[in-house]
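Below are two complexes that have subunit A in common, paired first with subunit B and then with subunit C.
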Partner chain A sequence: MSIRTIDKPTARPGFVRPRGRFNLGSRYTPVLVTLILLIAMWGVGATRYRGFLSVQMLLNLLIDNSFLLVLVVGMTFVILTGGIDLSVGSVVALSTMIAAFLLRAGWPPLVVIAIVLVVGSTLGMLVGLVIHYFEIQPFIATLAAMFLARGLCYVISLNSISITDPFFVDMAQTRIPLGPGLAITPSVIIAVIVVAIAFFVLHYTRTGRTVYGIGNGGQSAMLMGLPVARTRVLVYVISGFCSALGGVLFTFYTLSGYSLTAVGMELDAIAAVVIGGTLLTGGSGFILGSVLGVLVLGIIQTIISFEGTLSSWWTKIVIGALLLVFIVLQRLLTTLRR
Partner chain B sequence: MTTQAPVVDMTDISISFPGVKALDRVNFRMFPGEVHSLMGENGAGKSTMIKALTGVYPIDSGSILLDGKPLLITGPAQAQEAGISTVYQEVHLLTNLSVAENIMLGREPRRGAAIDWRAMRARATEILDGLNLDIDPASQLGTHSLAVQQLVAIARAIDVQAKVLILDEPTSSLDVDEVSELFRVIRSLKESGVAILFVSHFLEQVYEISDRLTVLRNGQLVGEYLTDEILRIELVHKMIGKDIAVLSDLDRKERAPISEESEEAPFVQAIGLGRTGSIAPVDLSVYEGEVVGLAGLLGSGRTELARLLSGADRPDRGELSIGGRPRRLRTPRMALKARIAYSSENRRSEGIIEDLTVRDNIVLALQADRGWFRRIPKKRQDELAASYIQALNIRPPDPDAIVKNLSGGNQQKVLLARWLAVAPRLLILDEPTRGIDVGAKAEIQKLVADLAENGMSVVFISAELEEVLRLSHRIVVMRDREKVADIVNDDVTVGQVMTLIASGAES
Partner chain C sequence: MKKIIGMAAAGAMLLALAGCSGGGGSTSGEGEAPATEDLIVGFSQVGAESGWRAANTKDIQAAFEEAGIELKFSDAQQKQENQIKAIRSYIQQGVDVIAFSPVVESGWDTVLKEAKDADIPVVLTDRSVDSADTSLYVSFLGSDFVEEGKKAGEWVTEEFADADAVKIIQLEGTTGSAPAIDRAEGFADVIGSDPKFEVVASQTGDFTRSGGKQVTEALLKSNPDVDLIYAHNDDMGLGAIEAIEAAGLTPGVDIKIVTVDAVKDGMQALADGKINFIVECSPLLGKQLVEIVEKVVAGEEVEPRIVTEETTFTQEQAIEALPDRQY
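Moving on, here comes the complex of A and B:
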């Protein structure tokens, strides 16, 4: 037996991965399943409701969920390393509060946005440092950050603060025409840019590959000499930054700051990431999958609002059921891959 | 060769861990273009030495010179930059990424800020070709066999243009042809002036490949020798520091086949026992006091069969009877109740609890067997721990030592003690001697033989055929997740078993 033959699939009949184009054990399968699901749901919607089958309807999905798109980018980085970030929703709320408060005090809007982003990133960095250097479970460290950020909201104000700043109002109302009868908001463009950058970083930089490497678990990435410490902290900075940016987009959307806003939004983000095919244990998943996950969540909401008679809580029920199905599906696929 | 200046010169290196002095003022040097083997038993300090050189452990005292200049490293990344590459015994690569990435990450070719994937695959293919390894660099590493992963790890190490290449037990998961392939690569690296540190438990391989030997024992330096100038027997003496009569003793023992003459029913009998996707239906019987060896390559179904017999996996077909009565083992706990104990091949993840003490690890299974509400009295725990530490010669002989600070061989002994404490009637040992030095190995083999003599049934799994032949009354050969032969061990040779493993059913 020469070295060339040791990996020949013929050696073990029955335990060979199919080598064809269709391969159930492939890393892309969960994303494909999500894509098929999305198309199917759109198809169902289109046969049941008038006006569902329009491009603008799809664009509206993006408009209504642009902040969530930005949030899942950060969450995808974190989950790919095998971590979790529970502080996302609270940081969104804190961002809306800081923005609304400073705008009311008359600060220039761009400075306000910069401050919000710095606060979010700093909080993320603190969490990341705690997680890496004190070897604290991400769950606990980000839970602490979640309470901290939510509490800070109340320090700023107990009541909702509305935003009248012309720049923010502009951002809320501007529609960028894409063609006859089609338009998007600036928030969508920002979200798409963030997704594109994230895609580039994850697939075309050493940092991105290290994110995947850390998610593989164990000491391997460190022993291979990859910058593990820096990268692990960085993903929480990214998540903090994305949360803050998501918060800014959310204020464009709601034109107010409120302490009780975005409660549980981190769970929406986690749900979108998981439905998008990323393994919660880390190391496997794609940013575009997470984008599809957001669209699936959005389309569920749209269908339920089109249905009219259904309570909006059905959204939660459907999302819950879908999550269960996806987690079980992922488990099956990972077993198959072995 | 010796006229050259050493590329690595380590002097007076000391490292301690809580409760263990891992290295005590050890000297070690390496010359360019030379293969230097680091020899010693488990716990001698070989791994610690390597980790000191690669920056994983900081040294307490001493100095490391690289090319005559002091080497200040704070981690594996700096060691790599300084030209020291390591291939670890357990493959430390990223199974979720592609082969190309595993070879190139850390110094991936870029175009601007982006990774140049095409150049990366091309370069990876080139390196793999140099190793005569024909695999797709874009394929995911985890889909390949361990042996291939090992070679990919070496491919990674050579690509850094290393001055020093450290190979820690690189051959433990390779077969004969793969080993000679690896040696070809080592020789060509040697010719290009790389200093190679080779660690292996296989004496044959050490003598075949290395020019120089350094022997460690209990964290101390025994000496440095040229391979040509030291006899094997001398070397073994220096490594274990005691007489190795136990080894040859065992060989002379008569092994009468038990199953042939036994009148009674086998203790364990499996008929058509199998599990879909894991192992094809197998018939197997184990008599009282019998050692049944399971031979076969990695992935041949040895471990899978052991897991079925021990309740770790549930069979979905076939029947199992224990002591003549049909039983279904759904969990390892049920197996334990039926007095079947299984010691897994994955010592770390399925065996010892690293952060507990030696005593806690030893009493664990017995406590579980009694139920958590009937705590074993402290005094009894101490007695148990003390008696097994003595009986199995566990080092350090401290029941309060944390198990993760023990060497691999001693961890294995702790694990054995745990299962012996529950007094099983069938003991299933999956690779109990893997990565263990000659001395500990002989001790464990002798123990297995003694246990069987006293009426315990043993299923013994090992990749080392010599060992299986030495211990077993009967040998079951596995191939491609099927049982291909069941032979009584009288005058069976390694060659015969190898033929069976290779060709299977034909014979």
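Moving on, here comes the complex of A and C:
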């Protein structure tokens, strides 16, 4: 018997009880709501502010959030299994510090990037092993990793370190033209590639099915013969890798290493994933939803800075309110499906 | 049926949110059709971490309102990425001048180059950047932090001229920020020449009152015989006062305190004798910033470095100055 036939009922609950053409209980509904919200906000901004209605403004959203896009990819994997990763922001900071420190010591840039990625992945793997084999709550294990990584930053250096390495400067300042007056950075391309790979892995591979399977209750996935243990550790490796890569993109963004950077960024990532329609209990959600979530967060910030008279702390208020709405919405949709 | 009502309610909330995130009491209704001579200035502030910063924000907003220049203001909440985003959105909006107080010294070249490419002049206020390319900004308006550190150091050498050994705790500002680095440097320059001064501990209190209190509490346990606390701003000094009082000692007598800033709460503590000496660091940059902006827009030359005028306060001077203190 193939996996595919067993997998269907869990992965597509919408098909169990079809409700005609307009199906509110569909697993796509949360993502659609996010998409509509994004378009609505963009529309509101476009009618209110000059310079808002431009393609470059949208591209700037990607440029300014490329690191967050990579982070939410890792976070989506983790949350789909029903876990959480609080170490993301600290690992970003640690990555910027390692990169800046090694570059200042004269190491070649590609070696530095490789080291950063290995450190992030290793940390993720350790956390994953602890979570799986000692049956520790992901919340606690990743909290420990968060403090560990943040503390290590200060061991490397107390002050911020500027990066002058020509490769990093190139990556930061190169603009890839897309048309008249339109341009993106190499970081955007890296982020898009990461999202594409994650999309493929989640929806077209056995690993992806196992991730969803774990989120829908590890027992049944295990009974189906899916490699639960390996995958549960793997998602934290992926998250660690994405955090480190996000850290590399962040160094491209700021061209410096700074211990205090990215404080609370893990919470931005979690917020983006939830707004993107992924269930915090796991098992349901999409990578592209998380991408939309990042864009919603970005557009809120942009609108508030375009407005110019509102306190920036409104960003937090709006994000908080949105999160609340989406959690309630998720709850309603899950009830509707049953 | 209940479910459908619930869905409708959730939907309505969403709509309301989408509305409020875009609206929210705006005054820039005429933004769609601006006359070219209408000046718009984008200002990106570090955050709202201290009394000094709040006074700085208020003064800048008031000065621009008085001058009739539209100010786009954003608070970066102490995060560099927020500040880069804000500056980029100002470039996108095509503001006439961008002013900002950088959270950290490093990492500004990329976005400042973008501003330069878009022909938008940039003015730094209060804190500087470490860019090697000084053509990225037209002027830096702010205090000389090294000088402030030196002034603090000079008072200490005079005050403790007869002492044999002086143990000092330093409460540093936000790690990596220009005022923290420079105030430590200026202070060390002056006291470093005399071996009787010993900085037994130096830790960051993040420019906040709670940070100053926590660090002092911990450091007093390991160094109970300390003679002097040098705090990089008033708020941390005020936190230190609380910690000293909690330890059963008298601030200003058992342990002397020197701070930088001279905000109202700090001046009050100085007048009350809990702080011994304050080096002023004026947050009232608004008027000078407006002048620079007007000059830059008119195409006039501006000085690349403009230092704000500042003084120092002893306890007696504080009692005199306190009634007229604006912030």
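Simple rule for what comes next: the second predicted complex is superposed on the first by the 318 of 338 C-alpha atoms of A that agree within 3 Å, B and C clash if a C-alpha of one lies under 4 Å from a C-alpha of the other, contacts with A are read in each partner's own complex, and residues count from 1 in each chain.
Rule of thumb we're sticking to: a contact is a pair of C-beta atoms (placed from the backbone, for glycine too) under 8 Å apart; a residue touches a chain by one contact, two chains touch by 3 or more.
Only a predicted model underlies this, so the values are computations on that prediction, with no experimental measurement involved.
K.L.:
Can A:R209 be said to touch subunit B (first), subunit C (second), both, or neither?
P.N.:
It touches subunit B, and subunit C stays clear.
K.L.:
Could you say whether A:F200 touches subunit B, subunit C, both of them, or neither, answering first, second, both or neither?
P.N.:
After superposing on A, A:F200 lies in contact with subunit B but is clear of subunit C.
K.L.:
Regarding the shared-chain residue A:Y49, is it in contact with subunit B (first), subunit C (second), both, or neither?
P.N.:
second
K.L.:
Does the superposition put A:L223 against subunit B (first), subunit C (second), both, or neither?
P.N.:
The first partner, subunit B, only.
K.L.:
Should A:F134 be classified as contacting the first partner (subunit B), the second (subunit C), both, or neither?
P.N.:
Neither partner.
K.L.:
According to the stated criteria, A:G283 is in contact with first (subunit B), second (subunit C), both, or neither; which is it?
P.N.:
So A:G283 only meets subunit B here.
K.L.:
Who does A:Y258 touch here: subunit B (first), subunit C (second), both, or neither?
P.N.:
A:Y258 sits against subunit C, while subunit B stays out of touch.
K.L.:
By residue count, is subunit A touched more by subunit B or by subunit C?
P.N.:
Result: the larger residue contact count on subunit A belongs to C.
K.L.:
Thinking of the overlay built on chain A, is A:W313 touched by subunit B (first), by subunit C (second), by both, or by neither?
P.N.:
So A:W313 only meets subunit C here.
K.L.:
Which residues of subunit B touch subunit A once you look at their complex with the stated criterion?
P.N.:
Touch residues, subunit B against subunit A: 56, 75-77, 79-81, 86, 88, 92-97, 101-102, 105-106, 108, 113-115, 117, 131-135, 140, 142-145, 147-148, 151, 156, 175, 177-178, 181, 299, 480-481.
K.L.:
Which residues of subunit C touch subunit A in the complex?
P.N.:
Touch list, subunit C to subunit A: 3, 6-7, 10, 13-15, 17-28, 31-32, 34, 42, 70-82, 84-86, 88-90, 92-94, 104-107, 109-110, 113, 130, 174-176, 181, 204.
K.L.:
Which residues of subunit A touch subunit C once you look at their complex with the stated criterion?
P.N.:
24, 33, 37, 40-41, 44-45, 48-52, 54, 56-57, 60, 63-64, 154, 158-163, 169, 172-173, 250, 253-256, 258-263, 300-314, 318, 321-322, 325, 328-329, 332, 335-336
K.L.:
Could you list, by residue number, the parts of subunit A that touch subunit B in their complex?
P.N.:
Result: residues 1-4, 6-7, 11-15, 17, 27, 200, 203-206, 209-210, 212-213, 215-216, 218-227, 283-284, 337 of subunit A touch subunit B.
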